[in-house]
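Below you'll find a set of structures to go through.
In what follows, chain A forms one complex with chain B and a second complex with chain C.
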Partner chain A sequence: MSNKTTGIIGVLLFVLVILAILNISIGSVYIPVEDILAVVSGKNIDNSGWQNIIIHFRLPKAITAILVGSGLGISGLLMQTLFRNPLAGPFVLGISSGASLGVAVAILAGMTMGWGLTQIGIGGSWILTISASLGAFAVLFVVVMVSMRVQDSMSLLIVGLMFGSATGAIVTVLQFFSKAESIQAYLVWTFGSLGGLTWMELKVFIPVIIIALGGSFLLSKSLNALLLGDNYARSMGVNIKKTRFIIIFVTSLLAGTITAFCGPIAFIGIAIPHLTRLIFNAANHKTLFPMVILNGAILMLACDIIAQVPGQEYTLPINAVTSVFGAPIVIWLVIRRKNFSKSFAN
Partner chain B sequence: MSSQKSDIAIHLDQLSVGYQKGNSKLEILGGLNASIKHGELVCLIGENGVGKSTLLRSIAGVQKPLSGQVFVDNKPVNDYTAPDLARTISLVLTDRIFAGNLTVKEIVALGRHPYTNWLGKLEQKDVDKIDWALDITDIHKISDRIISELSDGQFQKTLIARALAQDGDIIILDEPTAHLDLSNKIIILKLLKDLSNETGKAILIATHEIEFSFQVADKIWIALKDKNLKEGTPEDLVLDGSLNQMINHNAINFDSDHGRFMVNYSYIKSCNLKGDKLAYYWTSNALRRNGWEVINEISETTITIRKGKSGYEWDLTHQGNVTIVYSIEELVNVINNN
Partner chain C sequence: MNFKTSIVLLFISSLILFACDNGKTSHEAIEYVPLNSITDIKYSKRFTISYYENFKKVEVRAPWPNSVDTLFYIITSDSEVERKFRNRKNTSVFRPGPESVVCFSTTHLPYLEMINESNSLTGFPTTDYIYSKHFRQRVEEGHIQDMGPSNEINFESLLSLNPDMIFAFSMGDDLSMIHKIETSGIPVALNADYLEDHPLGRAEWIKFIAAFYNKDAEADSIFREIENTYIETRNTMSTLPGKPTVFTGVVYGDTWFMPGGNHYGARFFKDAGADYIWANNESTSILQLSFESVYDRAGKADFWIGTATYDTLQDIKNADTRYADFTAYTSGNIYNYSARMGPNGGNAYFESGYARPDIILKDLAKIFHPGQMEDHQFYYFKKLY
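Let's turn to the complex of A and B:
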């Protein structure tokens, strides 16, 4: 790794720490930085209310934001390299549509069968998480099956998009036959939420995301070869089918788990790899990986800070914030750098 | 080259290539027998769609042959493991490259893929090989440029350097000179010729540069429309008429005297031409383009080229009338008005 890369990573790490502290300190109640540092380093502070808020609400949410940003960024990068397509993102394979279908079935069908909202438990319940996971992994299973049958990655992309449309249509049909309050409950889920995870859930979430991120790092050598196209990669001894299988599996694990716990979070997955390539002019996955992980975490924390509308009681839907504040940044960069298309062609 | 290695780098044994869909086979080229020695440069020529790329892919082990076998260093290509084959054959393809942000050096370093550990860490011997490849292709000074900023010629050299860094005994190139200007075409072909001489690598190039390939290739493979492959030195192939067989179209004529293809005009008039070699050549070129056949017999139209004080002069004799002109442009105007 060059000195420049190490320097950039150092700066990004610094920004990440600052934003993480800001993220914990800002909210409906302002908590001073010293107290945050004290609680995080394991000490007790005088204000037990603050301590409670930090440990049980804000710290889990900050950790979730960091993992969601990194995970979505990496899965977007994996998809863009696999499909050599700038529009690819974590959800092109239909993962989030699958999760949405699972949740829609749980909420809409569940309510029709007479379950109340409290039984389904909107806001970080295991029923929603499990049904989203089942939906995501059902789609993953089919996509992997298809990926073993088709020769080229482009066909797979089309199949993924078709899956997205088909599952989306089923959700629409379910909505058509549902009551207003169940549709609203489903809509709330689609807004996305970083705050729903307790330490209980983080015990599952953290290891899954970290293992998947580690797994993706092992792919960096093959991904670099894939930048030259399938034919070159094959001629350099890369087993395309095996690599493609691992890429799809890792992406689905990341995107599926994140969607299951936090809802379908848009934009980050597509934008972070582009932002990283544009700002740092990088293409080599060994440097892209750490940068994408850090950038994803930073942007997610920043979006969450905005979503909390500092000093206010309410929070905006995180899904809206990522797109409303993220899209102008990407547009500005694309216009300013003018070399956007170059990172996808020579 | 190590001593136990055989002289033959690639050998095709009754090879049949094409596509298989279910039980139906579509043979594109069949019954092929040919070989390439180490240190030999072979150009594969043939018209569009005749199956050059299919043959290259089959030799490189990327596509399964319908029947027969490809031997690489005396071992069937399908018996190689993917990494072993990657250390033996490297490719230069026409595929678009996805990441314009990669630097020249990063692309060349990718050639070390079959040798590095799971992280792709470059050892000293890898760095040495990369430097050697950059040096020999003369792109060391642009090694930090990103590839989207390169000219076509520099880009092609980068791809060749990558193939060299992969360090196989065999390099297979698919149309490495397409899109290049004349001087870059020659530079690239000269580079490949020198490489085969100096490194003992077997080099197989699919190309449409028939005239240049005649100057650099040790052997030519002609992929013919009757699914056959004709193998021989360029000179033998000219003398036995194989080239005329390859392109059988009445708009094209193979000029065996000069080893080049000519536009075949249908002549309506003929004339006799005399003059020194250079002026004769270019005058006849202009005459042919204007529908005049140049013949050796006596004709009612005769053109004699003389060296005057301020350059060439053309004496045009037509039915006894003599006209003197001072440029080919004038000559063409006069004969076209008759």
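Let's turn to the complex of A and C:
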């Protein structure tokens, strides 16, 4: 790793820490910064309500934001490299559609079978998490099966897109026959949520994401080769089928788990790899990986700060913020750097 | 004829149509002089009824959120009057005493039951959602036809049923379905009870429904009784010392939906002798709050009323462990409105609650002031265990 890269990573780390502190400091309820620093460093403060807000609301949300940003960034990067396509993102394989279908079946069809929302629960309940995971992994299973049969990655991309359309259609049919309140519960899930995870859910979420992120690091050499074409990679001694399988598995684990816990978070996965390439002019996955992880975490924390609408009692849905504030940044960068496709392909 | 000419012709003909329309409304309106009212509308801000020699005029103002329109419903058995009003803008004509009606909302049903006209109901969208035992039985016996899902009424079943009129509602300004029904000759009356800010304003819509059956006087006396009970309970509660603090709702995603201080729900808390945490907020709609701000302000509140679909304390804790930190949770003062659920998903609170604010208020008064209302049994609300 060059000195320049180490420098950039150092700066990004610094920004991340600052944003994390800012994220924890800002919320609907005003809490002085010295109290926040005291609680974060493990001390007790006089106001137990504030202490609970910091420990049980803001810290889990900040940790979730960091993991979601990094996880989606990496899965987006993996998909863009696998398909050598700048439009690919973590959800091209139909993972979020699968998760949506799982949730839609649980909420919408579950209602008609007489479960009622009581049994299913709303917000970040375990049943939603489990049905989203089941949906995501069902789609993943089929995609992996297909990936064993087809030779080129483009066919896989098309299969993924078809899955997206098909599951979308089923969800529409389910909505058509559902009661207004269950449609609302489903819609709320699609808005995305970072605040729904408590320490209990984080006990599962943190290890899964960290293991998957670690696994992706091991892929960087094969990924560099893949960027230059399947044939080139093969000549470099990369086992294409095996690598493709691992890439798909890691992506699904990251995107599937994140979607299951937080809902479908738009835009971050597709934008972070581009932002990283454009700003730091990097193409080597060894340097791209840490930068994407840091950038993803930074952008997600920033979006969450905006979603809090600092100083107000109300909040914005995180999914709206990531797209509305994120998309213009990417458009601006792409227009500024006219050689966008060049920076992607080498 | 080329394209340009046809556009010009179309434009001119529409102008002529408009001109005729306006002329008609202005000079015919003065022919009728209102008589003394049989019924006064005291609480509702959305409708009025005026009585003329051989017809009744029901006016519904702003029948959906953010609307500026006023709709006119003429109820008459005089065919001369009918002919005069038939083609006026925003006006529908009804024959009194319909023998076959379709309602689009469960909130319309209790009114029919209260004025003894329940036999006129012949169709309803998704009959599964009906709670009322009486109507359920009529569904079982085949007197009430299912019209399909409420967001997409089965138009063909509706036409073949051919009811005398329809009680509908609209959540927005897309009235295409209503217009389609009216074009086929079935008059539709839009009910806006769900937009009233005062509990008694919602209950007063019994007078609206009754007007179409010429049962205005009955509705008036039924409403007066509900009003008296409500006011009596409110007056008793207002004299009691000590007002427990209360909040409501649950978090959906990252947002906690909380009624504003002037919302229908907030008024109930105030009248039942409780101190609603967001009472000073001036909004009449639902606030969208973050979880932490609710925790901050309501964490120490005495009562938590209306926990959506959660039915037990364990359900609440399973959904989010942070709910268990609320004082209302640890002291077990949590109630929901699911005491009466139908076999297929109907809920009495959402069906007859609008029509019976007196019962809701008594339930709440019993919750907030346990020593009071000893003769009253909980009807809509139940405590979570």
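Descriptive notes on the structure:
Heads up, the rule we're going with is that the second predicted complex is superposed on the first by the 340 of 346 C-alpha atoms of A that agree within 3 Å, B and C clash if a C-alpha of one lies under 4 Å from a C-alpha of the other, contacts with A are read in each partner's own complex, and residues count from 1 in each chain.
Everything that follows uses one rule, which is that a contact is a pair of C-beta atoms (placed from the backbone, for glycine too) under 8 Å apart; a residue touches a chain by one contact, two chains touch by 3 or more.
No experiment lies behind these values; they were computed from the predicted model shown.
Room for both chain B and chain C is found when the two structures are superposed via chain A, with no clash between them. Legend: residue contacts after superposition of the two complexes on their common chain; A:Ser220 is shown touching chain B, with no touch to chain C. Applying the stated contact rule after C-alpha superposition, one finds that A:Gly27 touches chain C and leaves chain B untouched. Contacts of A:Thr172 after superposition: neither chain B nor chain C is touched.
Taking chain A as the reference, the larger set of touched residues comes from C, when chain B and chain C are compared. Within the superposed three-chain model, A:Gly237 lies in touch with chain B and out of touch with chain C [touch as defined at top].
In the superposition on chain A, contact of A:Leu228 is made with chain B only, not with chain C.
Touch criterion met: A:Tyr314 reaches chain C, while chain B stays clear of it. Of the two partner chains, neither chain B nor chain C is touched by A:Ser155. Legend: residue contacts after superposition of the two complexes on their common chain; A:Lys286 is shown touching chain B, with no touch to chain C. In the superposed pair of complexes, A:Asn52 makes contact with chain C only, with no contact to chain B.
Of all Cα pairs spanning chain B and chain C in the superposition, the closest are 39 Å apart. Within chain A, no residue touches chain B in one complex and chain C in the other.
Interface residues of chain B facing chain A in the complex, by the touch rule stated above, are 60, 62, 82-83, 85-87, 89-91, 93, 95-102, 106-107, 110-111, 113-114, 116, 118-120, 146-148, 150, 155, 166. Residue ranges on chain A touching chain B, taken from their complex, read 81, 84, 218, 220-221, 224-229, 231-232, 234-239, 277, 281-284, 286, 339, 341-346. Residues 126, 129, 149-152, 250-255, 287-293, 295-296, 299-300, 308-311, 315, 318-322, 325, 338, 341, 344-345 of chain C are the ones touching chain A in the complex.
Chain A contributes residues 27-29, 49, 52-53, 56-58, 111, 114, 116-118, 121-126, 176-180, 184-185, 188-189, 191-196, 198-200, 263, 307-308, 313-315, 317-318 to its touches with chain C in the complex.
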